Amino acid sequence: MAQDFLIVGGGVVGMAVAYGLAQAGQKVTVLDERDDALRASRGNAGLTWVQGKGLGMPRYAELSLDAVTAWPAFADELQSLTGIDVQHEQRGGIDICFDADEAAARQAEYRALQQASPRIARGFHWRYLDRDALLPYLPGLGDNIHGGTWSPHDGHCNPLYLLRALYAASLERGVIVHPASPASRVARDGGGFVATTPRGDFRAERLILAAGLGASALAPMLGLSGAVRPVRGQVVVTERLPRIAQLPTPQIRQTASGGYLIGDTQEDAGFDKGTTLTMIQALAAKATRIFPRLAQARLVRAWGALRVMTPDGNPLYESSEACPGAYNINCHSGITLAAFHAGDLSRAILDDRLARDYPQFSGERFDVPA
Amino acid sequence: MAERRHTDIAVIGAGPAGMAAALTLSEAGLRPVVFDMNATPGGQIYRQLAAPQVDATLMGQEYIAGRSLVDAFVTADIDYRPLSRVWWLDRDGEGYVLGVLQQGHSQQWHADRLILASGAMERGWPFPGWQLPGVMYAGAAQILLKQAALLPSAAPILAGSGPLLYLLAWQYLQAGRPPALVLDMAPASRYRTLMRHPVRAWHGRSYLLKGMRLIADLRRAGVAIRQGVSGLRASGSDALERIHYRHAGTWRSLPGTLLLTHFGVVPEPQLMRSLQLRQHWQHEQQCFVPDRDATLSAGTNLWIAGDGGGIGGARNAEREGHLAGFAAIASLGRQPTKRRSATTRRLLAARRRDLAARPLLDALFRVPEGWLAEQPPETLVCRCEAVTRGELDEAIAQGGSGPNQLKAFTRCGMGPCQGRQCGESVTRLLASRTRRSPDDIGYYHIRPPVHSITLGELAADDFDNTNN
Amino acid sequence: MFRRSERARQPGRCVAIRLDGEVVNVPDTLSVAAAVLHVHGWRGYRRHLDGTPRAPLCLMGVCQECLITIDGLPNRQGCLEPVREGMVIERQGDDPHG
């Protein structure tokens, strides 16, 4: 059967686009990697977040704002289609500042962003709250915290259930997923495209790379940008503890199942997605500094995952000029942007207007003139 | 910069393999550090043997036979650290870094060489109601016997497949508390296997005779034994009240308050998996075992001794401990002494003989491979996160194609036991649903911590202690 | 419940622990989990986060079913902690703590 789209990558980015295209009536095949692949989708913290996005690229901040606005309806839609509750909550979020310098720098960044975009100036709400003012939002907050920036747009979800719901919804809408079929080569093939995998060749009229770090090898084959590199994050999670009404932060959040997820580290460690004793200890120290009560909580799991990072940290959305019909979709905030990827972005791909509507996100911005 | 404690060689585990390895190293003039979770040496098999609470007439000679090893271990010059949990293990150059939690204090150790002797654990084997209080592993009941001569106050029912089942029944009989019933769940085909492999049967004749003697003693005392039992369920509200089993094609049911189960033992996987050591599915033992070479090496400066490398029993574990010790000594560039070479040859020959008998035991005590796929959907697979067989199948249908995707989709294996009790079940279920081999399916990624540690214990790591 | 056999090799030393508010003497070779099985049996040992009652399964540090509060610290693995004189132990029978 002739497929309209072949998507390389069964992570949260690829599956959101697969779902969006299938919703629009397209025939979609997804090629996924093996179970032990790098998989940023299974390692991230699950924030649906606007704070800190698009510093230096206001258009990205706008997309993030659009995405979190679309999230509640998106979560409802997934639940009604699949029965899976992705545990999305949008009651605001706080980005903690440990000291005065961090607090000053953060506020300056947000003000600069608002000056650069009238839409963000109007639409992005935030306030700086000192430690005592944060207490109602973060009960039990330690003394040794300066404060934090609060924003009503921020929230969180269960990123693993989101991935599962996208799979279930996509399968429900007729998407064909081939697990353990990593593409080693992508190319034009007649009027369409072909991807070569250990389980044979797959063909479709159009091809979308949602390959995360795999793009660095695959994207150049189709005249697309492979400018992504891994930035490791390490995360630890505690045993399940009684739920407390509190807001999520990038540093720590209590998940719907009760465990506290602690992360927000950045390292250049190549393709090593392991954990280090030093970093895990630093995370434990940070967690008990934020919530001293957690000293008694048991650590249940620690893991490392590789963020998919472009040179400027902003998403990469592009269509190939050399190979019309080939697209490259890559970003490190696939959870926040999932609602956008399944919605507006999928429609822009379908109508082939990525270059027109999202020119800022093309990989051309990384081309250094000779 | 954090200071670390350093040792030339560390041994993890103080069961027969770990004790033997440490003794061998100590006799060669080395002073290994031995980390063990328990309060006293001996591992599971020789538990409490340093101060026995029960005697040979009750436990059988094999338990008491470990006494000389335990005595030698406690008197040797070894840096033995009981109640120490290795919760973190990673490579560090050519050596290893260990995070050790010793009674609330976390320490970092660097070991140039490492012998893993972390033993085996009971195979997690889901059946309906296995989470009810009143259902325990036979191994746990035996631990109570060894710790303080504790016996069930009412006659228990024993069910499963494995030599321990009959041994415990016999020990309870000797102690005057015979079980009400023994349900042997090994597939009925096992005696045909025996007839087809007379050579195996010859190699394993001592095991066969011993097993026959235990069964004869039990029968003579009037203990009911049902063989070929093919279904098992436990039911009750707040604790076990009834046991249901299928025998000769018919479900039967009887009241009971204590069900002791045993479905064999498998290598404790967490430390080996933390190091991402290669494993392969061992069809005869029906579990994953690590790849080791002839010197028991599983990597640079790393040896695996005892049941952790594949189930071979206590005597074999002791021999492997000595062999791993010799291999580690050789890796230090020491010329083998005449005596050491002769001992090595003798140990290798004994090990070959003993392991030749193993396939017989494996064949006699197989567990039914397709079991889980046939259990009712409400059967808990992951006890920690309360994930059922039905939920796993639903997630498989939604694209959960591998153990880690399934873990992400359902939380199966995300609880505090770290997947120890459900990991093999998940591999098995995926293998049976997707008609692939366990090797092709693989296993969970094992994440630290390998053992429980609180954030407070971790944050307060005593960085500044130097070698002591 | 698990009772001490009359065939126990020696009377053995005992320690006094406080179990759910009550002082009891138990053999000093027992783990906390074993002591609870000795004194109270498996009923009422622990309530799991899914609301179901649970009790120790393996007693060898693997299954995490023996979680119990020891000296005020919740969710300790009772099978890995030997009893000590004066130890305060509370079962988590009503509280789905973890």
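Note that the chains are named A, B and C in the order they appear, and that numbering of residues resets to 1 at the start of each chain.
Just so we're on the same page, a contact is a pair of C-beta atoms (placed from the backbone, for glycine too) under 8 Å apart; a residue touches a chain by one contact, two chains touch by 3 or more.
As the structure is a prediction and not an experimental result, all values here were calculated from the model.
Enquirer: Provide the labels of all chains in contact with subunit A and in contact with subunit B.
Expert: Of all the chains present, those in contact with both subunit A and subunit B are C.
Enquirer: By the contact definition above, name the pair with the higher C-beta contact count: A-C or B-C.
Expert: It is B-C, judged by the count of C-beta pairs in contact.
Enquirer: Between subunit A and subunit B, what distance separates the C-alpha centroids? Give it in angstrom.
Expert: Inter-chain centre distance comes to 40 Å.
Enquirer: Using Cα averages as centroids, what's the distance between subunit A and subunit C in whole Å?
Expert: The mean C-alpha positions of subunit A and subunit C differ by 45 Å.
Enquirer: Compute the distance, rounded to whole Å, between the mean C-alpha positions of subunit B and subunit C.
Expert: Each chain's C-alpha centroid was found; their separation is 22 Å.
Enquirer: Which parts of subunit C, given as residue numbers and ranges, touch two or more other chains?
Expert: In subunit C, the residues touching two or more other chains are 49, 73, 75, 98.
Enquirer: Counting only residues that touch at least two other chains, what does the list for subunit B look like?
Expert: Those would be 415-416, 452, 454.
Enquirer: Could you list which residues of subunit A touch at least two other chains?
Expert: 239, 296, 298
Enquirer: Please output the residues of subunit C touching subunit B within their complex, sorted ascending.
Expert: Those residues of subunit C that touch subunit B are 1-10, 12, 26-27, 29-31, 34, 37-38, 41-45, 48-50, 52-65, 67, 73, 75-77, 79-80, 82, 98.
Enquirer: Name, in rising order, each residue of subunit B that touches subunit A in their complex.
Expert: Answer in residue numbers: 2, 88, 90, 97, 99, 108, 395, 398-405, 408-409, 411, 414-416, 418, 442, 445, 447-449, 452-456, 458-459, 461.
Enquirer: Write out the stretch or stretches of subunit A touching subunit C in their complex.
Expert: Subunit A reaches subunit C through residues 239-242, 258, 296, 298.
Enquirer: For subunit C, which residues count as touching subunit A in their complex?
Expert: These residues of subunit C touch subunit A: 49, 73-75, 97-98.
Enquirer: So in the complex, the part of subunit A that touches subunit B is made up of which residues?
Expert: 10, 32, 34-36, 42, 82, 160-161, 163-164, 167-168, 171, 177, 179-180, 236, 238-239, 257, 274-278, 280-281, 284-285, 287-288, 294-303
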